[in-house]
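Below: the structure, in structure tokens.
Per-chain numbering from 1; labels A, B, C and D assigned in written order.
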Amino acid sequence: MTRTAGRHFLQIPGPTPVPDRVLRAMDCPVIDHRGPAFQVLGRRVLAGIKTVFQTETHAFIFPASGTGAWEAALCNTLSPGDTVLMYETGHFSNLWKTMAERLGLAVRFIETDWRSGIDASAIGAALADDKTHTIKAVCVVHNETSTGTTSSMSDVRKAIDAARHPALLMADCVSSLASIDYRHDEWGVDVAVASSQKGLMLPPGLAFNAVSDKAMAATKTARLPRSYWSWDDQAALNANGYFPYTPATPMLHGLAEAIDILHEEGFPSVFARHKRLAEATRRAVRGWGLEILCRDARFYSPVVTTVLMPGTRGGDAFRELVLERFDMSLGSGLSKLGDKVFRIGHIGDTNELTIVAALAGVEMGLALAGIPHKKGGVDAAMAYLAADAKVPEPQTMLA
Amino acid sequence: MTRTAGRHFLQIPGPTPVPDRVLRAMDCPVIDHRGPAFQVLGRRVLAGIKTVFQTETHAFIFPASGTGAWEAALCNTLSPGDTVLMYETGHFSNLWKTMAERLGLAVRFIETDWRSGIDASAIGAALADDKTHTIKAVCVVHNETSTGTTSSMSDVRKAIDAARHPALLMADCVSSLASIDYRHDEWGVDVAVASSQKGLMLPPGLAFNAVSDKAMAATKTARLPRSYWSWDDQAALNANGYFPYTPATPMLHGLAEAIDILHEEGFPSVFARHKRLAEATRRAVRGWGLEILCRDARFYSPVVTTVLMPGTRGGDAFRELVLERFDMSLGSGLSKLGDKVFRIGHIGDTNELTIVAALAGVEMGLALAGIPHKKGGVDAAMAYLAADAKVPEPQTMLA
Amino acid sequence: MTRTAGRHFLQIPGPTPVPDRVLRAMDCPVIDHRGPAFQVLGRRVLAGIKTVFQTETHAFIFPASGTGAWEAALCNTLSPGDTVLMYETGHFSNLWKTMAERLGLAVRFIETDWRSGIDASAIGAALADDKTHTIKAVCVVHNETSTGTTSSMSDVRKAIDAARHPALLMADCVSSLASIDYRHDEWGVDVAVASSQKGLMLPPGLAFNAVSDKAMAATKTARLPRSYWSWDDQAALNANGYFPYTPATPMLHGLAEAIDILHEEGFPSVFARHKRLAEATRRAVRGWGLEILCRDARFYSPVVTTVLMPGTRGGDAFRELVLERFDMSLGSGLSKLGDKVFRIGHIGDTNELTIVAALAGVEMGLALAGIPHKKGGVDAAMAYLAADAKVPEPQTMLA
Amino acid sequence: MTRTAGRHFLQIPGPTPVPDRVLRAMDCPVIDHRGPAFQVLGRRVLAGIKTVFQTETHAFIFPASGTGAWEAALCNTLSPGDTVLMYETGHFSNLWKTMAERLGLAVRFIETDWRSGIDASAIGAALADDKTHTIKAVCVVHNETSTGTTSSMSDVRKAIDAARHPALLMADCVSSLASIDYRHDEWGVDVAVASSQKGLMLPPGLAFNAVSDKAMAATKTARLPRSYWSWDDQAALNANGYFPYTPATPMLHGLAEAIDILHEEGFPSVFARHKRLAEATRRAVRGWGLEILCRDARFYSPVVTTVLMPGTRGGDAFRELVLERFDMSLGSGLSKLGDKVFRIGHIGDTNELTIVAALAGVEMGLALAGIPHKKGGVDAAMAYLAADAKVPEPQTMLA
């Protein structure tokens, strides 16, 4: 394959660019996962990941892709035939629904057109109707990576509470954790699902659950078969800093470093940075005269912007051209969005100049592809970023 | 923690030392797992791992610990309540049994004292008794890492065939693959279970299944719930070099490099090297007047030697002393073996001088601990290795 | 120091960004510099560096900064009191002059205002005047990094030949080699001076000389003291792939990789890429209404553009602001240029989007600093790059 | 080239094995050598290296091989025709002598048979004879790497003082610094010469001088031409943490890390560790019935042991066999020692088990080569190390 000079621009909404510090931390000899050096590492990451979830209860780390954490959330808390309420935000809510069905759960699904975030009142209504408390869990996606929408987990919690419904609240935080403010305890989420390759700035390979006491208690009665994903097994060994089976040691070294990096920048700065880069991106999209898929500004995602292709032009051909000419990967349209959109990731270890470069790649790509658009997207982004540029200050997390 | 000068000696039977070439291959920016560069990588490792299993049918790669591949083997092929025949070789056979039970399977278990390999005739007898073919699978461990025994998968196959029994044959190759000759197709194994951190010389983080056509066919009727571990999902995407969910890209880069390294040395050389280092280790153990746990020389493991502590001395205190004084990690006794043994790993990317160093660490540790033993273990190993030393020649694999 | 998220933009004209492949090649255990594995490496880089210089005569590699190669060029060929003719192109020609004087040479210096390249006719005239052939060497800078001018070495050669003067021609190629076409043999240069941290995409730490037979012959009579820099010592050991003193092994591993990368892209593509990015940069500068230091387009440098600060604004404060706000390093004004300019490097392992990002950083910095300028620099660069974008094709070098 | 499994054993007396921590510290993007981040690094290493030399005066860091630091020592302090007194300890003292002569100095040379350390009284006598103070400097080698002898720099100082002679004292500490106690200020050395690839555990590529005020004053009158090696240029820029020409940034990152590692272990522990491993090595040599080149135990080197080949057997063939069979590099005989010896390095980042492995490689190699020897060398080393094993305690340096 022909080498292209310079750095590849990885502007998909994850996996995200891995900081050199994290790569170096991972680039080390493997250690005995039953020895004292490992114990120090294990305790460090188990405590550290809780600070990222803003929880003081339970958090588990699996050697797995994030998809595994979905499965762990369901099989540790539910029994065959249980009903779960899910809300269609896009591709990933639908994948989780499919998984739930394959595991033998019944899914009540609130369908949408994928162009907005979660209407918590619809969840409230569904729960209010469920007088017999058939619904055992409400499963929602905090940031829907396919459409670029972020929903309020706090509003969903309030809707559940208002309905006085005992269902567990499960939140997919895969693309929000460590990029968008997420407060596990404060918002009363029971199970959070996350993975390493997004805001945590690691390669793929680790999956996470944050778990409330209520969800831990549910394991006592949950009858879905589970072994690899068992929280109880994890909890037993985690107590001493170890894991029930061989952990992915280099990823844990990387995780420890990534958590340090996040604390050095400070979560408020991290979250503000993502919002700033997202706003710059949206201004560029509007500058080009293109349409953002998310129709409602309240739900704009700080980590990814999904853009509708104008006219009948296909997103795949456009992305291929941009990859070939400018060595930049853009996100593709997923499932029903397919060729109709492309996605610009602005997540993880990134900064102003990188985002402007990405937007320039899009603007030049639009020109080269002969796609009707206005100039001025990059100019709009620069105008915003030059006005808004702040020197990030190190902060410790509030929680 | 005080730094100790020089290299740590990681003489546990896995995770094994990761070659620098593999670490460097992994130390790279993450790429778009849906882009063309990934496709090249995906196809390379999917084809490459088959050569390691010596199979031409199916092989799957999961972002998971090896434990996950056990679960995948069972849940893709079996239904709730199915009976499996398992053979007690040690700690790991017993863990697999526990998993099977937790997944809702019935286990017939051939119990042993952990001091030998598999007696295939016992399996044959059990199958011959099973006139109704209640047993759906025979699950055995190729190399039992806790006891240091290797069993003949070919003999097990013959016993199944002799009994004209349709049960699937499943082999745990976690600590044998790429260190001990394993011939998936030739030996008629239906499902092999493996992981990255042993003979493949990678860090932990990848799990593998090799799967026969017969086992693939079993997925059609198997009713254990499955989603993350679904072979069908893998197969559908693997056809084009991709994966159903975000793959652990750096591990795949490392895997590609590791497979290249194995082919450069040549499997016959790799297997012969492990046997040679194992024999040197056993000669040292005998030189010290200590007892090898495995009673029958036919079952000696090429990758790990489990040594009984003499008298009433505890293995854990001994290992701690060796770690503290000589910066070497030895394997601990697992479950019922506990404090009664220690294990010397001689697996993966290692060589003569490293093994002699490890044996010297044991010999000096025995002296420091005041454990009754004879001198001369290291001498015996050196005498053997000096006589037997061969310059390894590069070979391509036969299969 | 506060961590800044995302990648630093290193837009100085060297050291240049080191490709990950080169960093990984360097990240390896040190080997015995007198053993057979080293010999393979030594022969590879000694042959490889000749292809970069486009020479078939002699090339030497020193563990040193590029400054050392200046000293080597002089002390291997000249004697105390010898006269050299030097041409003022900027800061680096003046540093070389100072060195020559400190080594005991007499320098005739053709002075200029630093705003153009070399007028070869002035050299011709000086040599024509030198009837007694007092001048032993003509020392010129191929690409003057301080001012952003590139001069024709071929024209200088022709001027020397036209004057029928026997002086050696020495060319400083530090910032041109492997970025700007340089043909040692074809252009009749006697001694070339280069280093690792520019077009070769390595960290600083290696210095190079390419040497004609005529210059090698000059060592026989040259009486400047020399030991570390002795070409004869190098040549004697290089013949077998070794070096007269301990070589900087990891840098040589990196050099081998860097040369491979250059050949994979192909020198014509490499040179064209640098020209394209330089043109984009100059269009941006004109777009801002700022002035390029180099007054004559014939001498525009493909690797660095020196920009005059408008009015009385200082370049240093501007660069500090850009560093602080956008994590980008720009080149400073050197010696008499001081605060009056800043420099944009577009050299080495870089590409279109990175350059646009750099230009965006400058444009936003100008806005933030309140420096009078026109908008539209980035737009002008994008318009050029979108029109001119080419998929680089792999080519082997012509020479 | 056929890959050999496992780690190479690099048992030459330098370059020494580079710790993973140092390799990782070096494996980072290059930074602007004129920017604020560099300044932090520059100040850190310039201060740090003084603690290693145990000096509070001046220390300089050159991007060069150690050979360059010899040249810097001479050309900064001496004038053409000056006389220096040198003492023949072996290959490296002789190389330094050759260099001095090539630079135009007159050398008075105290010749020896290479089998002992420095007899300071001979130096005292020579100086006492030098009534006119023709001798400007006394140049000696602290640890002679070719022969395995360490001499007392303090004794040489006392001899100079006793003779009331004003000559500068220059010490080659290339293979002693950071492995053998070296006290620049306390012992009154004027110029120390060192490099990165020995006790400092870095790859080759940096050269060092520690310089007394008296030696700095000598630069005022010294007339040997110098530019690259000029201490004055270094001192001027070092004052602010910068360097007069592009520094080898990654090496400086590595240096900072290496100095941290040394302080973590503590110099007393570092020095004791080297002595312990050296004693184990010598016991092994005696165990084999072979002869150590150094005849006088007072001069035994803690970092390298030179062993005489018995009978007429050649050292080169023996080393080749050991390399081929056991993937271990031993040191060769240098210049007149040639084929008559081999050298075992026990320097830098190494430990007990690694040294035992190295000794085992020698013992097995002797057997395979059919070289007459006694068994028991490794046993003798193990007996010593098991008795003497100490857990190193972290200590801060006394100075």
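Methods note: a residue touches a chain if its C-beta (ideal position, glycine included) is under 8 Å from a C-beta of that chain, and two chains touch if they have at least 3 such contacts.
As the structure is a computational prediction, the values presented were derived from the model and not from experiment.
Count the C-beta pairs in contact for B-D and for A-B, then report the pair with the higher count.
If we tally the contacting C-beta pairs, A-B comes out ahead.
If I average the CA coordinates per chain, which chain comes out farthest from chain C?
B
Taking the mean of the C-alpha atoms as each chain's centre, how many Å separate chain A from chain D?
54
Hey, how far is the Cα centre of chain A from the one of chain B, in Å?
Each chain reduced to its C-alpha mean, chain A and chain B end up 35 Å apart.
Roughly how far is chain B from chain D, centre to centre by C-alpha average, rounded to an integer in Å?
45
Listing for chain C: what residues touch at least two other chains?
Within chain C, residues 7, 17, 24, 27-29 contact more than one other chain.
What residues of chain C sit close enough to touch chain B in their complex?
For this pair, the touching residues of chain C are 20, 24, 27-29.
In their complex, what parts of chain B are in touch with chain A?
1, 7-8, 10, 12, 14-18, 23-24, 26-37, 40, 62-68, 71, 75, 80, 98-99, 102-104, 195, 197, 203-205, 224-228, 230, 244-251, 323, 329, 332
Hey, which residues of chain D end up touching chain B in the complex?
2-7, 9, 17, 27, 261, 264-265, 270, 273, 324-328, 349-354, 356-358, 360-361, 363-364, 367-368, 375, 378-379, 382-383, 385-386, 389, 391-394
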